[in-house]
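Chain IDs A, B, C, D and E follow the sequence of writing; residue 1 opens each chain.
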């Protein structure tokens, strides 16, 4: 215990100065604070409202938040909100579910088969960057001016990102797990069902998040085509009539819709991906 | 059932990885394969289990596997390869389902292997809740569930910290004493090799060739009683490999 | 004294010809105005551009958006432009072949039928209102389909997805001649309709009255030239061809002269002489828009129109 | 060597059957094949062309590829293509660079400071799902009908995804490397510059890939605002006139633009991320 | 310069991690800290280096660090913590730049530390081209470049395969014989502890407490010559820890 190899590094000879080691950690860990956001938003809205009230912000440029809220309440009280939401949600649901189901099938094919991948990946790469509003005239011709073309616009818009998310997810499934499955003589379909699909689920869910927000963004474009009701149609009308208060109200509804969908998918992730470390 | 490696050579594209490997894995024996990094140990093990095919030579099964064996050649992987979304029981059930074993039949098997690996209390846990050592024990339980004729283990302990490794090595020895399983055990760790192997196959640097085959004839259960003898074997192996290990370490990857 | 720099918002339509004529023939220069023409793809943004200060003068139809901007004190109507007048080319009411065969042969049959328009609150919407009012029903009795673009309207009519619509004469002529649709009436037969007006920013009417007056003088000359030649094209064929040449510099530029000429000639609609404004009809339009919640209730005719710069009819 | 613990597992007693171990690997590794894609596209275009030629596909529904190509050649020969491209690329470049620079600054703030994050993250979450076409009337009023509002549309559209990519990238920088920097007494700014920024680069580049494709998609929306030249304007005009051949040609140009940008970013990744394993 | 841990306790939220730790790191000594998984070894090392602050107690510097020391308390991390986008030289230069050392002055230092860690030929390589052992050698070179008064090493060898570990352990011993550096060395591996440590601090399970402090008075250079003695020490340590290691292994994480 007592004798050690003699230390030879420089030793302070004087009465040894004693002080705590300097602290140099911390920082670089910004946290989403529960306080900052509400304060920030209250401040923003107060300033905006004040700006409008005192005439610093012209009503042509931006309505006061209270006016936008009034427009929203008018919408609620007139019972129109329900009609608009009903129409839009129906289109969103049909288009998104259709695009997702097709995207899952095609994406899975691209993720599993060389031949399918060869055809699908460049096809998707070429079609993904096409803006859907450019295709509206085509959709009108193909699907008419009824619900079909609106649903098709959303379906088309959600299909491609879903394909990309799915085959990306399949690619990222740990090959070690697949090899494990093979080493236990699991059948092809068992491997797909029990290893690849659950393994791709995190990627699928984040793909859904993206495709859902794309679907909401496309709502306005879709409802350009002869829609009487719908949040998008409401916004378009407000834009036509230069009714800025209604425009802001409509945009806020879309934003809330987007936030709700994103919250829902967050819940789904919490539930289905409980197993993640 | 014995396994015979018959003149196995392999190349990935232009890189020769293995060169004319010949040896036999006898039933009831643990064969350890050691060699420097990148010499093709994992590749060789994939050939033995039929997950990949060598460019030359073949791996032969001599004799039929026992009839009750569901999966004669069964792997235990370095990274455990547990499905993170299934519980411990679910992970074991996975490898039974495809053989049509479900319900109480499966439960019996699962309870049995969990008991044998001292995991009975953890059937409902998810992999993320388990420490590394526990995860590997689950993987061992899963392997036992299919009644393998030969276990193929690729550095099963190298992802574990050294204390857990020590504990699990004891478990593997105990298990062998009870069940006398056949195994092909790939490792970097010479101490593991001399503690577990009846026979140690030493490979050279890439392209891997058999440099030496060392038999260790102390019974497994007595090995800890002969530290000097073991140390001697280990030093012998280390001397065989030291220079090659150093050279392998100095190699620039894909430079 | 340097010329006043002004910007005029224009569309590449034959009905905007006076802008081009006054510009090409130097009428603006004569009034000391240094004019820049800025081209738009649609009518509505012209009004917005006045509100945002991008341009000084524009010509457009009365739309919901326009009323809204007027209500916020951004724009003012200062004169009349295109009007429906019997005997001149004007907007045509078309029915799809299928609807026509099924008995839609007059505007009175439009009750319960679908009607294509670009947007709610557009002039096409108002035309539907005119038809309904004249025939004793309301637009609520029709299925109005907002399709954003004229092209989409035509496509929908051709394929029978909508029953009817209204459209400028030269396009209507092409469709009817090609057998793609049937003419069932003209908007000019429904009564007075001041389709488009000349307008500027409220600030201009208050602070630059002289400049606005000079602009109106020059513009009226352009209208007069246009009416003199295009109003009776057979009178002086050489002058007509010269006028077509001038207009073709701005309209249908992507087509060769010989292909553009018939369209330009067929599209020679009536423009109010001296930019006179039909205030009575403007008031009627405002009332209709307000009744249909397409214009702010607080907007009055005084706020909308400044009558200091042009004659008023009625 | 000779004596081993006696093996006790069941041994086949009969003359030992010798056979190779069964192969059960392979599969689950689809590769992007250099062959499939060209064959697939040639086949697709041939069928489409044949369909048009033989009248199975009505020219109202879809023009023949050769007609679309003809429309494209007309555009090239008339010299209009250069004008359209010039206008569009200028808007894209200005909007994208503006949105990216702003997004970098704001995203970095959100990635580094708790206070900034608290304000920025919910703000971005609320504004990201707003469709830009809904805001066109607002942009026109704010920025006029000149280039400003077109550039602003693209800038606005690229700003939000850039912010998200940047602060996500900063969050994902290995905290171990930052701690290493602190442990060597590196200054705050040194850590940001030498560790965080290069560490976030992969995320930044894939953020650029996304924001660039969003910029291209927004081109059509942006050029709805009274643009005379521009690929978007060309497409819109074609849609107005129901000129399907021009529409398809225009859409193909956009798609090629998207592919080129994506290829460029791929090159940049190869060069700047050479260090990745 | 000595370091004194003075009554250190720590809790993360409600979990107590460390309990009243007291010991001293003497200049020129290698102190090994061992203990089961999750007992707070890494946390303790972060306190010693000033990267985190304990809820109670403090770490004291006794005496001033040598004047030439650029960074008295210098870490070597388990995962190497090399910047992947910088070459070997760039990674070393990183820690000099902030001290205003650039150009030829920096080159001299870099060349020197590369030579001492036998890396002279690899200055231009990127981390991805290096094997694990080489990467850790770069990290050691980087640490030497700032002339540390005390090296803080958190399982520096546990990410390496066992052959490389063996090689690097020899290197650390050689280096100590030449430079007599002070070090606080956290490890799971009892063999490393008895090969490298002048003194071994044994921590209990979480909340970590000092269970024992074991001095090993065989000079480092002679240790391999006394395998039996070492084995004895190692067995002693293993007996101290075995049950705790097993219990720590069985614990469900965040269950």
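In this text, a contact is a pair of C-beta atoms (placed from the backbone, for glycine too) under 8 Å apart; a residue touches a chain by one contact, two chains touch by 3 or more.
Just so it is clear, the structure is predicted and the values come from calculations on it, not from any experiment.
Student: Based on which chains touch which, give the shortest step count from chain B to chain C.
Tutor: The least step count works out to 2.
Student: Work out which chains are contact partners of both chain C and chain E.
Tutor: Correct list: A, D.
Student: Taking each chain's centre as the mean of its C-alpha atoms, which one ends up farthest from the centre of chain B?
Tutor: C
Student: Tell me which has more C-beta contacts between its two chains, A-B or A-E.
Tutor: A-E
Student: So what's the Cα centroid distance for chain B and chain D, whole Å?
Tutor: Result: the chain centres lie 44 Å from each other.
Student: So how far apart, in whole Å, are chain A and chain D when each is placed at the average of its C-alpha atoms?
Tutor: Result: the chain centres lie 15 Å from each other.
Student: Where in chain B do residues touch two or more of the other chains?
Tutor: 49, 51, 73, 128
Student: Going by the contact rule already set, what residues in chain C reach two or more other chains?
Tutor: 48, 51, 149, 151-152, 155, 159
Student: Quick check on chain A: which residues sit in contact with 2+ other chains?
Tutor: Residue numbers touching two or more other chains: 24-25, 60, 136-137, 141, 179, 182-183, 185, 236, 239, 242.
Student: Following the definition at the start, I'd like every touching pair of chains, please.
Tutor: Those chain pairs which touch are A-B, A-C, A-D, A-E, B-D, B-E, C-D, D-E.
Student: Within the complex, which stretch of chain A touches chain E?
Tutor: 1-12, 16-26
Student: Which chain D residues qualify as touching chain A in the complex?
Tutor: Against chain A, chain D makes touches at 24-25, 27-33, 35-37, 40-41, 60-62, 110-119, 121-123, 125-131, 133-138, 141-142, 175, 178-179, 182-183, 185, 188, 191, 196, 213, 216-221, 224, 232, 235-236, 238-240, 242, 244, 247, 250-251, 254-255, 257-259, 262.
Student: Which residues of chain E touch chain D once you look at their complex with the stated criterion?
Tutor: Answer in residue numbers: 49, 51, 71, 73-75, 77, 79, 81, 83-86, 94-95, 97-98, 126-128, 146.
Student: Can you list the residues on chain A that touch chain C in the complex?
Tutor: Contact set of chain A toward chain C: 58-60, 136-137, 140-141, 144-146, 224-228, 233, 236-237, 239-243.
Student: Tell me, which parts of chain B touch chain D in their complex?
Tutor: 1-4, 26-29, 46, 48-53, 58-64, 66, 73, 149, 180-182, 198-199, 215, 217, 219-220
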